[in-house]
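If you scroll down you'll find the structure; I have some questions about it.
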Amino acid sequence: MHLATLLLDGANAVLILMLVALGLAIVFGLMNVINLAHGEFLMLGAYVVLAAGQAGLPFWVGLALAPPAVALVGLVAEEVLVRHTYTRLLDTILATWGLSLVLRQAAVLLYGPGSHSVVPPDLGAVTIAGSPYPVYRLVVMAISLTAIAATFALFFRTRFGLAARAVIANRAMASCLGIDTRRLDRWTFAVGAGLAGLAGAAMAPLIAVDPQAGLGWLVPAFLAILVGGLGSIAGPLVGAAGIGGLDSLTAAVASPVWAQLAVFVAAILVIRLRPTGLIARRRRES
Amino acid sequence: MRSWRTVDLVGLLALAVLLALPAVAPSWLVGDLAMYLSYALLAVALAFAWGHCGLLSLGHGVFFGIGAYAMGTLTLGMLPGLEAVRSTWLGLVFAVIASGATAWTIGWFTFAGRGLHGAFFGIVTLALAVVFERLAINWDWLGGLNGLMNVPPITLGPNGDGAELWEPVPLFYVMLGVLAATVAGLTAYQRSDRGLALAALRENELRARALGYDTGALKRRAFALSGAVAGLAGALFVVQFGFASPALIGFSLSAEALIWVALGGRGELVSAAVGVIALRLLDSQFSSSLEAWWPLVVGLIFMAVVVLLPRGIVGEAVYRIARQRGR
Amino acid sequence: MADGTLLEIAGLTAGYGGGMVLHGLDLTVGPGEPVALMGRNGVGKTTLLKTVMGLLRPRGGTIRLDGARIDGLPPFRIARAGIAYVPQGREVFADLTVEENLILGDLAAADAGRGYELFPALAERRREPAGRLSGGQQQQLAIARALMARPRLLLLDEPSEGVQPSVVIEMADALAAVAAAEGMAVVLVEQNVDLALRLAGRVVFMDRGRVVAEEGGDALRADPSRLDAHLVL
């Protein structure tokens, strides 16, 4: 494979992984919920695109529908399931794990256990450094970058984001200032789910759309968070760059199996050496 | 005479029922139950790690699978340089050591220093399951996607010779004996000083450390013990099933084990064991009639139990009875 | 004294887990009335403020604001009903800037100008993380944050703790000015007698989870020795 293609594909994988990890990290940071159904939200995003295509809608409509549709699923899940386990961190894992099983099985019931393919929109190819590269993949990168930037803007440039950061820092005090933390939780969970849905929808034409599609993203995204550290919003992004980069490079020079092994070994080495992650949490003045 | 704990009485009752079962049950059911007992052993291993020590493992299937592959490769004479060794007994030893050592190594990576938060430990074990499943699928020596076929049954001789154990009823009693002994042994361990230290650590790791316990070492040992028991379960499964496949080592069995333990009850080994047997029986009833709806139903029940009955179904029942009796 | 009641607490019982700290406490505060709450360490002053704010669920009794029950409501509803809280230990958001802290006091505010008017020193450090301010400035920030939303009742828990005396006087005067101008009632928990008497028209004494005595501010200012009678064991 041509070097430029390889690097571009790697960048593509890293950006999507950043998007997935960001959604996970936001939900964990604000709500202290470890969402094991995050991968299934991604899978749902891909299925929305598939369903839209089967209904005769253009690809782009499916892409635009996926984030709100998955966010809605997230809202319902938060209300019905997740909020009942807030005070028990390990139980949030179990509850969302159960949710992931149910969502996967729902996909099996609706679309069968096999995989489907989504035809990518025909945008042609451009020549980059002497080799042709599909324009759609560049579009996916642009979507990821935009979504990451928009998420940052949401959390650092809006009053919603300010309230969210206050809740992350001190939930009780934020509540005493009149911030409805329940509502914030609900919307944060929806935003996290929507981000995953967007990632899945954008990736739908590039992957096999099947009920297991989410799992392959969930694990690297979590490893990215563990490696990067949860102290800051930059941690998951750095972790995603490391994990995604190592994965794509090893997959290109060796094989996907070696890549997965390399990522796992590298991740637990980092965890052993720096249990708080590469970007450790700043010491707070008490 | 001392008064018995409710959970011990429930365990003895379950044991009595199971002991009597082959007298009334058809032999195919006894054969199935013998297999379920190896799953129960896996559930007991997980309940020990998770319920007693607070080490939530989302990848306990890995240790079960390692046990199964270890037993299979050894008794099939696949180990390089050891082709002549075919002993079931050595296979058991190999399975227990290989799975225990893997668990210990995971613990070494994750419990160092202040250690990973319990929830993140769960994530690491989930990643472990995904990676090991992928490895097993792609490792031709282990049979790849097809797995190891024709794994011999238990042979009573020293080196794969002598009488073979495959009749359902004797197999069932052997499995029941192993399970009962394991539950009794682990229960005694949980109630020993070191077991109580583990429980204290689960409740408040910082305090346990302040009291002078080396919590990292305690957790490593406990997790290795749990991994070894899961490996034993896998070895005893594969000699009955005759077939070790990547499905045993990865995500799906790990997920199932977690469901069994959560539904049965993580707090007591007996609850977990009873839960898995009940659930497997239901599974064999409904998975064919409800088809793809059955996993959906199980998933919904699982979510409901997590939210409403954190002690599990059997665990909650035992708890209520115990409260009534005041013991 | 102002007519009518703003806050009316009757038979309030509350505590942590099993143990109760407040045992049937009664207290009324009029609109715009500054009240100081005094008592030895551990009698339940902080617990009372937390319970009024909704951080602790009352076990029994009622809390009314302008006649409407607020006990059992979540803190954000109580805040929106017009009660602001400056906790013991200030609890500013250390990683957020001074300006962000102020805006959090009233997310609907156009800017943080009201806070800077109150304590102009804060304006100079608007872009700095609140954690870098001195103790006194953090206290000013916490008070300004609480006042952003123009509360009808301000709950203040030991604002003089760890603050220089000169800054304490400044804070007291700024608070008194706002309270007088806007008709804001204050419940001030304070060990510092000077501060308490500077601000409060009435001093309420607590012991073992109950209100046990009450004195007019003027009487105490005239004869400070009366204080000791209530505070010594």
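A, B and C are the chain letters, set down in written order, and residue numbers restart from 1 in every chain.
In the analysis below, a residue touches a chain if its C-beta (ideal position, glycine included) is under 8 Å from a C-beta of that chain, and two chains touch if they have at least 3 such contacts.
To keep track of the chains, here are their UniProt names: A, B = Branched-chain amino acid ABC transporter permease; C = ABC transporter ATP-binding protein.
Bear in mind the structure is a predicted one, so any value in this text is a computation, not a measurement.
*Asks:* Per-chain Cα mean versus the mean over all protein Cα atoms: which chain has them closest together?
*Replies:* Given all protein C-alpha atoms shown, the central chain works out to be A.
*Asks:* I need the chain pair with the most C-beta contacts, please.
*Replies:* Top-ranked chain pair by contacting C-beta pairs: A-B.
*Asks:* List the centre-to-centre spacing of subunit B and subunit C in whole Å, with centres computed as mean CA coordinates.
*Replies:* Computed from C-alpha means, the inter-chain centre distance equals 56 Å.
*Asks:* Measuring centre to centre with CA averages, how many angstrom lie between subunit A and subunit B?
*Replies:* 32
*Asks:* Between subunit A and subunit C, tell me the centre distance in angstrom, where each centre is the average of that chain's C-alpha atoms.
*Replies:* 43
*Asks:* Could you list the positions in subunit C whose residues touch two or more of the other chains?
*Replies:* Nothing qualifies.
*Asks:* Would you pull the subunit C residues touching subunit A in the complex into a rising list?
*Replies:* Counting only subunit C, the residues touching subunit A are 53-55, 74-76, 79-80, 84-85, 87, 91, 93-96, 100, 103-107, 131-132, 145, 149.
*Asks:* Show me the residue ranges of subunit B that touch subunit A in the complex, using the header's touch definition.
*Replies:* 54, 56, 58, 106, 108-110, 112-116, 118-120, 122-124, 126-128, 130-131, 134-135, 138, 251, 255, 258-259, 262, 292-293, 295-296, 298-300, 302-303, 306-307, 310
*Asks:* Tell me, which parts of subunit A touch subunit C in their complex?
*Replies:* 159, 162-163, 165-166, 169-170, 172-182, 282, 284-285
*Asks:* Help me check something: in the complex, which residues belonging to subunit A touch subunit B?
*Replies:* Subunit A reaches subunit B through residues 34, 36, 81, 84-85, 88-95, 97-99, 101-102, 105-106, 108-109, 113, 215, 219, 222-223, 226, 255, 257, 260-261, 264, 267-269, 271-272, 275.
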